[in-house]
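Common to both upcoming complexes is chain A, partnered first by chain B, then by chain C.
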Partner chain A sequence: MKRVLVIDDATTVRMYYRQVLEAQGFAVEEAANGYEGLEKALMESFDLYIVDINMPKMDGYTLLRSIRQEPAICATPAIMISTEGQVQDANAAYAAGANLYFNKPVKPDVLALTVRMLTGEKPT
Partner chain B sequence: MTPLLAQFIAESREQLEMTSAGLLAIESNPNDLDKLNEIFRAVHTIKGSSGLFEIRPVTVLVHAAEDLLDALRSQEVEFDRSMIDLLLDAFDQVNQWLEELERHETLPEGLESRARELGGQLRAFLNHRQVETVNEETLTAPTFTELDWLGQFPEHERAALYSQRVADEGPLTVFRYIPDAQCFFSGEDPFYQVRQIPGLSLLAIVPTEPWPSLAEMDAYHCILRFEGIASAAHGELAELFRYVPEQTALLNISPEALAVPVGRPDETVHAEFVNEGLTLANQEDWAGLRGAVEGLRDNYEPETWMASALRWLQRLLDSATPDLTAVCRLLEAMRTGQSPDWLAALAQPLAQTADAAPASAPASRALALTAEEESAFQRIVAEQARSLTLPTVPESWSGRILSIFTCLSNVLRYVQRADLLEELEETRETVLDTHDIEPLKNLLGHLVDAEDAAADSAQELSDSPGAATEVFKAITPTETTTGSEKQIAKILKIDQHKVDRLMDLIGELVVAKNALPYLAQRAEKIYGVRDMAREIKEQYAVINRIAQDLQGSIMQVRMMPVGQVFQRFPRLVRDLSKKLDKKIQLIIKGEDTEADKNIIETLADPLIHILRNSIDHGIEPPEERLLAGKAEEGAIRVNAYQDNDSVAIEINDDGRGVDATAVKNKAVRRGLLTEEQAEAMTDHEAVQLIFAPGLSTAEQVSDISGRGVGMDVVRNSIDRVGGAVTVNSRRGAGTDIRLTLPLSMAVTHVMAVELDGKLLGIPMDLVVETVRLPPAALFSIKHRETFVLRDQVVPLARLRRLLSMDEPATGEAALATLVVKVQGENIGLVVDNFREGMEVILKPMEGVLGSLRQYAGTALLGDGSVMLVINIKELL
Partner chain C sequence: MSLIKKSQDISPPVLEENRRTPRDRAGLLSQLENDAPDIRRWAALDLVEFPDTAEVLCAQLAQETQTPVREALLTTLIKIGNPIVVNRLIPLLRSEDAALRNLVIEALQQLPEAVAPHMKEMLRDPDADYRIFSINVLDNLKHPQAPAWLQEVVEKDDNINVCAAAVEVLAEVGSAEVIPALSTLPERFDNDPFMEFCVQTAIRRIQGNGNRI
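Up next, the complex of A and B:
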């Protein structure tokens, strides 16, 4: 079972990702901020990270930069999803190490499909 | 309601509460940046989550609030007290909508105008330059990916512009300006802005999304895009658009870029002409080429693409010194029938060689992709290419490259192109070894092309209409897997109903458990099996212990800090004191003290009432305080602490105190007291009269604390949960009100007594002791039966009489007397007989029985019978 780590400070948003992804047969772990996310990422192995930008303690950019610098986990794909919706956010996301950027809210079918593709999970 | 919506409502409420508290803190200390960030994040969270649901008004309003907060925290706008008022209003409104949402699961129509109105007020604080906060670090303007869109302008207009610019060699700049959808709320006028463009030559206004029907159209939502050409330098336009760089793309072009042929495509192969043309051009034989063009032109209908291309070629050749690269490009374009890539021409001059490598044919593919899959694939590959163009720190370079390869290999697996994996792997090695990303770029380009071509066929196969599914309807509710619970760290949020249900079940368990002793009794007395009875009793002891532990644990779960209720106070004090022109400082202590959730909930209204009384009647206006030699600013202290098995909350103000004489006079006027009684009353006793129903000392009825009917209501609700309220007042110096409440009202210890063959419960905490009195020990004082207990005279009351039951003559039998303490005084209560003490779950009287104040509630006993529990205070 492919494992996805969801890092977002909004419980509702985490719950939403969990619902969508669990329905697709993914195992979902949650972290409420970048710091917690980095801890989890370092301790367990995941196939994909879904990262919010604006979070307490450690923001998404910092988290992604840290992930990309950790040899053990740097190759794991990451999606960044945020509310900002401005060009500079997308570019900043890519500069920090995201592989794909979305604006909130991501529709369930788009999210499911993208996560499947980025984790190499075959179509149902 | 879907769990997701329920979660959203709960989370947003929490965030809003935090926000309101934070705003008040900001008001007193506008420089608290941490607080401001905290508030911003809370609001940001609500906005982000609200997008998951169809609740535009909430999103719109919260968005406006977020923008203002963002400007505040980046210190782009000056702090202003009226902002706080407006923000609080906005959040109150959101709260109200959340309630609506909770009741009906949707919001009624037509709220959006209200949201926009409030949002507009909030945004009024921002002047237009601060609307979009720009992060310098990451600022990059959108860029053009192609210039084919220039073809939308009529050819003759472009031709005129072309010849003019070629003649005077003036600058040409193409622009695309996509105003923010919300730009009207930030004081921008895109149309005006565009009209200011210097040397505006060609302009197109294009909707960025399909026009909604007239009924649904939102006139305040900008969905326009402005694009065109200006005969001015890049710098001049950049100056004009300097406030919205992230919404504008600007590009300096050479006049040749205007040569975008348009028209009906035709099937003819032009390879021969192109080859001949390229040869002539490379020999700079312009006359020859011009002749060739003229010879060919009449073969095409004027409205065809080819005719248009030839006309442009002619224009290029008409110049004194034709631009060789431009001519070659246009000729190349004729080979494919596609517009020339002028953008690439601007970036790098075309290599003079004629033959471009034909795009590699798509490799065969096992899987036909749906349109959605196709576009997701394209996007993923394109974004990897995009990320390669962005700078990164050296430490993350290999991480980025590796992650890109992981993505690509996963995506290829998904689209079942395992045949490409080997190539991918080779490229990966090369890139990592050489630190040169060129091979990766090529590979990405190759992937897009291959899929592009394959897409056309796939498109025909899948006829799915790119369904824009409504977000939250589409979520399939999933069974929560057992694994997911343990993943939630430290804090588990549980719906209160679930805990209540658990509580009820435990109540039933306790009752069921209590049946065991009865069973043991029956086993012994009726069936005569003593051993069995003993075993049942042993088992009972075990179950009893477990049940008690269970009860204890669930009570722990229900414990909440009293601070929950206090949260509303700062706002209340602020609003009221403002309204009354009083200066009041609120000091709260002991918010962490815990008590049962139900208790805390009963506490909320009484506390607010007491607080209102203190603000309205207690604290004097500043002038009066100064005259009385007090500090101008009054103080209200709220202090909570745990006192043995109960929680105590003290509300203390340094106001004028209760005027005992005024209270007495009013009580006499209202007929609550005779003159003599009033005369005999101490001040302390008189002050207690404020708890009497229908007594108000305020001369004027105010809309703040009303008619003072509140204090009796306060006492009633505190009584109902088994608490007590006392008041102490010093004239001119202030009032202390003290509430004591049980920690939990889940389980009540009662002493059972017998009366007329039935069991009645009396709360154990009131019981002092039990005595059996010989009738001779009774004597009367002032027509009242009394007895002496350890040198103290104790009044006696007969429970049968209090409950209007017949009193059979008892003769000389000793009277079973329960000594109870009521309001600090011992009273003897005569009952028929004592029974055991027991733990019961007390259910309050409901419905019509709720008005029977003599009873505190009912409890179910182990044998299935119901016992009434007496409210002694009321009875006496």
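Up next, the complex of A and C:
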């Protein structure tokens, strides 16, 4: 079973992604900020990270830059999903190491399809 | 993260060397521009004795890049906590620097009475991202007006992400009185699945919380 780590400070957002992805057969772990996310990413093995930008303690850009500097986890794909919809926000996400950038809210079918694509998981 | 740290957490002996310089107002302000982050950090902390330096501290915060110095500046600014501080911190919510924005949000959360007079205007700003950051301030502001401000957002704001942020906070601080307003939200946003999920989750959490406000 492919494992996804959702890193977002909004409890409801984490619950929403969990509901969508578990229904598609993914195992989902959660972290409420960048520090917690980095700690979990280093401690456990994941097939994909879903990362918010604005979080307390460590923002999503800093988290992704940290992940990309860690040899053990730097190749794991990451989707950055945020409320910020300017071109410079997407550019900053890609510069930090995101594989894809989406604006919130993401439709459930789009999220599921994208996660399947990036993890190499076949449709259920 | 708490910006005000216990005194024993911020006094490693080696750094005391950087305090053996003039601790008067002029000396500290000069050290605030020093190239060494440790010296800037200690100057920022010691300037708490001079509340009239709040403007300078805020200006330094806007250009400071080192997180420990930023945290020291905000620790002092929170202790000063006067209207000048809030007037200068609020515009930093528009910073392109996400890390700085998040530190400012945490600082403003600790100044509920000084922030309160600005909140209505902040929640009506044309920039949706800025409104979301303002709602993030409300998340831990612990102000009795917070549920009413958030309810107004839910009833009037036309941005789905702003409303979702308000719903998230209302799930924590709202009472049963806000449930009718929440219930109208999905329809306002074409029954978007994310908004429906947010509202259902918030209502369940509020009903679980009981009437806390």
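Everything below uses one rule, namely that the second predicted complex is superposed on the first by the 124 of 124 C-alpha atoms of A that agree within 3 Å, B and C clash if a C-alpha of one lies under 4 Å from a C-alpha of the other, contacts with A are read in each partner's own complex, and residues count from 1 in each chain.
The rule we apply is simple: a contact is a pair of C-beta atoms (placed from the backbone, for glycine too) under 8 Å apart; a residue touches a chain by one contact, two chains touch by 3 or more.
Worth saying up front: this structure is predicted, and the values here are computed from it rather than measured.
Undergrad: A:120 contacts which: chain B (first), chain C (second), both, neither?
TA: In the superposition, A:120 contacts chain B only.
Undergrad: For the overlaid complexes, name the partner, chain B or chain C, with more touching residues on chain A.
TA: Ranking chain B and chain C by residues of chain A touched puts B first.
Undergrad: Thinking of the overlay built on chain A, is A:68 touched by chain B (first), by chain C (second), by both, or by neither?
TA: A:68: touches chain B, not chain C.
Undergrad: Based on the superposed arrangement, let me know which partner A:57 touches: chain B (first), chain C (second), both, or neither?
TA: It touches chain C, and chain B stays clear.
Undergrad: Just checking: does A:16 make contact with chain B only, chain C only, both, or neither of them? Give me first, second, both or neither.
TA: both
Undergrad: Once chain A of both complexes is superposed, is A:97 in touch with chain B (first), chain C (second), both, or neither?
TA: A:97: touches chain B, not chain C.
Undergrad: Which chain A residues contact chain B in one complex and chain C in the other?
TA: Common to the two interfaces on chain A: residues 10-13, 15-16, 19, 54-56, 83, 88, 104-105, 107-108.
Undergrad: Touching residues of chain A toward chain B in the complex: what are they?
TA: 9-13, 15-16, 18-20, 22-23, 27-30, 32, 36, 52, 54-56, 65, 67-71, 74-78, 82-83, 86-89, 91-92, 94-95, 97-101, 104-105, 107-110, 113-114, 116-123
Undergrad: For a test of understanding, state which residues of chain B touch chain A in their complex under the given definition.
TA: Per the stated touch rule, the residues are 3-4, 7-8, 11-12, 38, 41, 44-45, 47-49, 51-52, 132, 134-135, 137-142, 246, 367, 372-373, 376-377, 379-380, 383-384, 386-387, 390-393, 395-396, 398-400, 402-407, 409-411, 413-416, 467-469, 471, 474-478, 481, 483-484, 487-489, 493.
Undergrad: Over in the complex, which chain C residues touch chain A? Could you list them?
TA: Residues 1, 96, 98-99, 101-102, 105-106, 128-129, 132-133, 136, 160-161, 164-165, 167-168, 171, 192-195, 197-198, 201-202 of chain C touch chain A in their complex.
Undergrad: In the complex, go through chain A and note every residue touching chain C.
TA: It is residues 10-13, 15-16, 19, 53-62, 83-84, 88, 104-108 of chain A that touch chain C.
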